[in-house]
Amino acid sequence: MHRGLYLGRFQPYHLGHHQVLKKIAKEVDEIIVGIGSAQKSHEIENPFTAGERVLMVSSAIEEFDIKHYVIPIEDIQRNSLWVSHVKSMVPPFEIAYTNNPLVIELLGEARIEVKQSPLFKRNNYSGTENKAQDA
Amino acid sequence: MHRGLYLGRFQPYHLGHHQVLKKIAKEVDEIIVGIGSAQKSHEIENPFTAGERVLMVSSAIEEFDIKHYVIPIEDIQRNSLWVSHVKSMVPPFEIAYTNNPLVIELLGEARIEVKQSPLFKRNNYSGTENKAQDA
Amino acid sequence: MHRGLYLGRFQPYHLGHHQVLKKIAKEVDEIIVGIGSAQKSHEIENPFTAGERVLMVSSAIEEFDIKHYVIPIEDIQRNSLWVSHVKSMVPPFEIAYTNNPLVIELLGEARIEVKQSPLFKRNNYSGTENKAQDA
Amino acid sequence: MHRGLYLGRFQPYHLGHHQVLKKIAKEVDEIIVGIGSAQKSHEIENPFTAGERVLMVSSAIEEFDIKHYVIPIEDIQRNSLWVSHVKSMVPPFEIAYTNNPLVIELLGEARIEVKQSPLFKRNNYSGTENKAQDA
Amino acid sequence: MHRGLYLGRFQPYHLGHHQVLKKIAKEVDEIIVGIGSAQKSHEIENPFTAGERVLMVSSAIEEFDIKHYVIPIEDIQRNSLWVSHVKSMVPPFEIAYTNNPLVIELLGEARIEVKQSPLFKRNNYSGTENKAQDA
Amino acid sequence: MHRGLYLGRFQPYHLGHHQVLKKIAKEVDEIIVGIGSAQKSHEIENPFTAGERVLMVSSAIEEFDIKHYVIPIEDIQRNSLWVSHVKSMVPPFEIAYTNNPLVIELLGEARIEVKQSPLFKRNNYSGTENKAQDA
């Protein structure tokens, strides 16, 4: 069993996310989608509630016919606790997919395997502060 | 489309929960399972992390072959905000299933339909304080 | 009985606020003044404590000879919970007065009547982030 | 100008509170009523929201024909910060009225004058933990 | 270099703590004393502020002539984040000294070596809840 | 006994800090170093954890052969509570050393003696917001 974690805010879920998920679906047995900054909504950068984003992601991921978990993750406001926070909220995973430099660093310090790719680059996090929650 | 919300802490998920879910699965098109007190773990009353509980519930609910969402919900520590908090974290729902008196009251004030039944009574939350998060 | 809620940070209370209150006083039986970002003080944008602002507003509103409530409201940091938070802190109200676009949206989603007017436009909240707490 | 602060949770406001307020009204020029544990409601020990309690207290205090402020005060969860928190939320005051031993101690350490009386004894807060917020 | 972490609330620091520290001082090169529940004070179970406890512990530990760090650690309210929280607040350590069962479990899950001894048993934390912060 | 408090974030500890500490060491009997924004790390402006900063400062201060306390101080997010927060976390002190205008104001309101000097000017807090926690 190989479970992969894909992290994002999905404000909104778009084609870039979809292409990444398609690729991940071929590499793992089960996908966890972690919806970051779950407590944010009604902002220009964060228009949708976590519940709305769960609906968007869940609907899109059905296409890939893979067992999945779509999990809202509230911000913890402390980078040094963020990996433990994520691990407590989602099922165990063996690999994480992200191109966010801070998330890569935090996961790396926790000795969690991270995979990035040129494809993910289109899915980057422009305009956000350098916070793990903006993953 | 009729979506129902079933709330619990699932510490752990047990046969009583399973029977309730089986019954709900016959009444709605999609089920949302809200995992309350998501931030708690490693306590006698709350041994499992949210992630572990997501895994338990997701595994069990597959049997019913119904579209479902398993969503951790952290405590918000304010009863008067709890319904808004839950609504922000999960997809829209038309009916909620619970026998917790406080949750029934809070959902009722928010004019959300609540269904309880003798069956659910076996699934009650003995030994917990009178907090919405203990739903 | 018709009770109206007027929201602002009042950093400081100024003539624009006073003119709006004068107008509201003619339209309702009782006025609630909600002092937003109550926990903030000693900042350039937020110099006064909530207590100092309560004093300013209470002193000014006496002129209108109308039953009033001046209520500090701390930020809740979650837009989707903000209306429930405000409602829990103040007496029941039938109408809210504001020109803040986010507050108008949040109140509208909660089906609360909002009144804005050209006069209020002078009383806007320039230089603040797009947060409900900056109402 | 002599302003007095009277602290309580007022769950609910009762005759004991009313008699204390009557007595205070004779001793000061203005009364501040601080409604403690403002964020609590829908609990057996704390049934009413802060807004409901503001309404109760405001209605009752009109009888005494004295300038007054009725201010919800949320818990700060740290006894050593509680006096600073209260001072930031209410207008300046010269004297506080309470019989709560912890509040007396905290105000005393902050060199704030406290007045207690046998009359207040009827107005005590049985069944609550030893927290300043239960004042 | 071998650095050991000794955790407690030290409400107050007593002879039992002192004997444990004496023993630890012989086993490591440097001692970190982590003062738990740092934000608590003015309670029957937690009378002293973190600052007062820092003073007590610092004064006592001088006797052992060993490099030491006395660090207040605020509660994080989430057991699954507690080890990361402690690790972020104190210098790196190779071994922890405690007899608290929950702390032993949490440190064990994080693969941190824990040492307990009959001597420490005298130093246990009776009457406290089963929380990591009560270590 | 004359104890002085020196506040900073020490991200990282540098020569400017060291010169200030050297000067303070000549004026007081004991030094408290308060490490502000203790919960921050892994950010460009705040790269180091509190524990790493404790290690840096503790190592450097040994040179001055003066009794010292190096204490992480988490942000409290409310300027009006910040002085009480600091006082609860550190041993009693008679004088504080800082050039931060907000900290000077907050300490001054609390009638705590503050000392600044041209030397400290090199040690200023460029690029940070106007928050006490950025002291």
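By written order: A, B, C, D, E and F. Residues from 1 in each chain.
By our rule, a residue touches a chain if its C-beta (ideal position, glycine included) is under 8 Å from a C-beta of that chain, and two chains touch if they have at least 3 such contacts.
What you are looking at is a predicted structure, and each value in this text was computed from that prediction instead of being measured.
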In contact with chain B and chain D alike are the chains C, E
Which chains make contact with chain A and with chain D at once? B, C, E, F
Distance between chain A and chain F based on Cα centroids, please, to the nearest Å. 37
Which whole number of Å gives the spacing of the CA centres of chain B and chain F? 47
Two-or-more-chain contact residues of chain C, please, as numbers and ranges. 39, 41, 49, 78, 80, 87-88
Going by the touch definition at the top, which pairs of chains touch each other? A-B, A-C, A-E, A-F, B-C, B-D, B-E, C-D, C-F, D-E, D-F, E-F
Residues of chain D touching chain F in their complex? 76, 78, 80-81, 83-85, 87-88
Per the contact definition, I'd like the list of chain F residues that touch chain E in the complex. 38-39, 41, 49-52, 54-55, 58, 69-72, 74, 87-92
Per the touch rule, the chain F residues reaching chain A in their complex are 39-44, 49
Give every residue of chain E touching chain B within the complex, in rising order. 77-80, 102, 105-106, 130-132
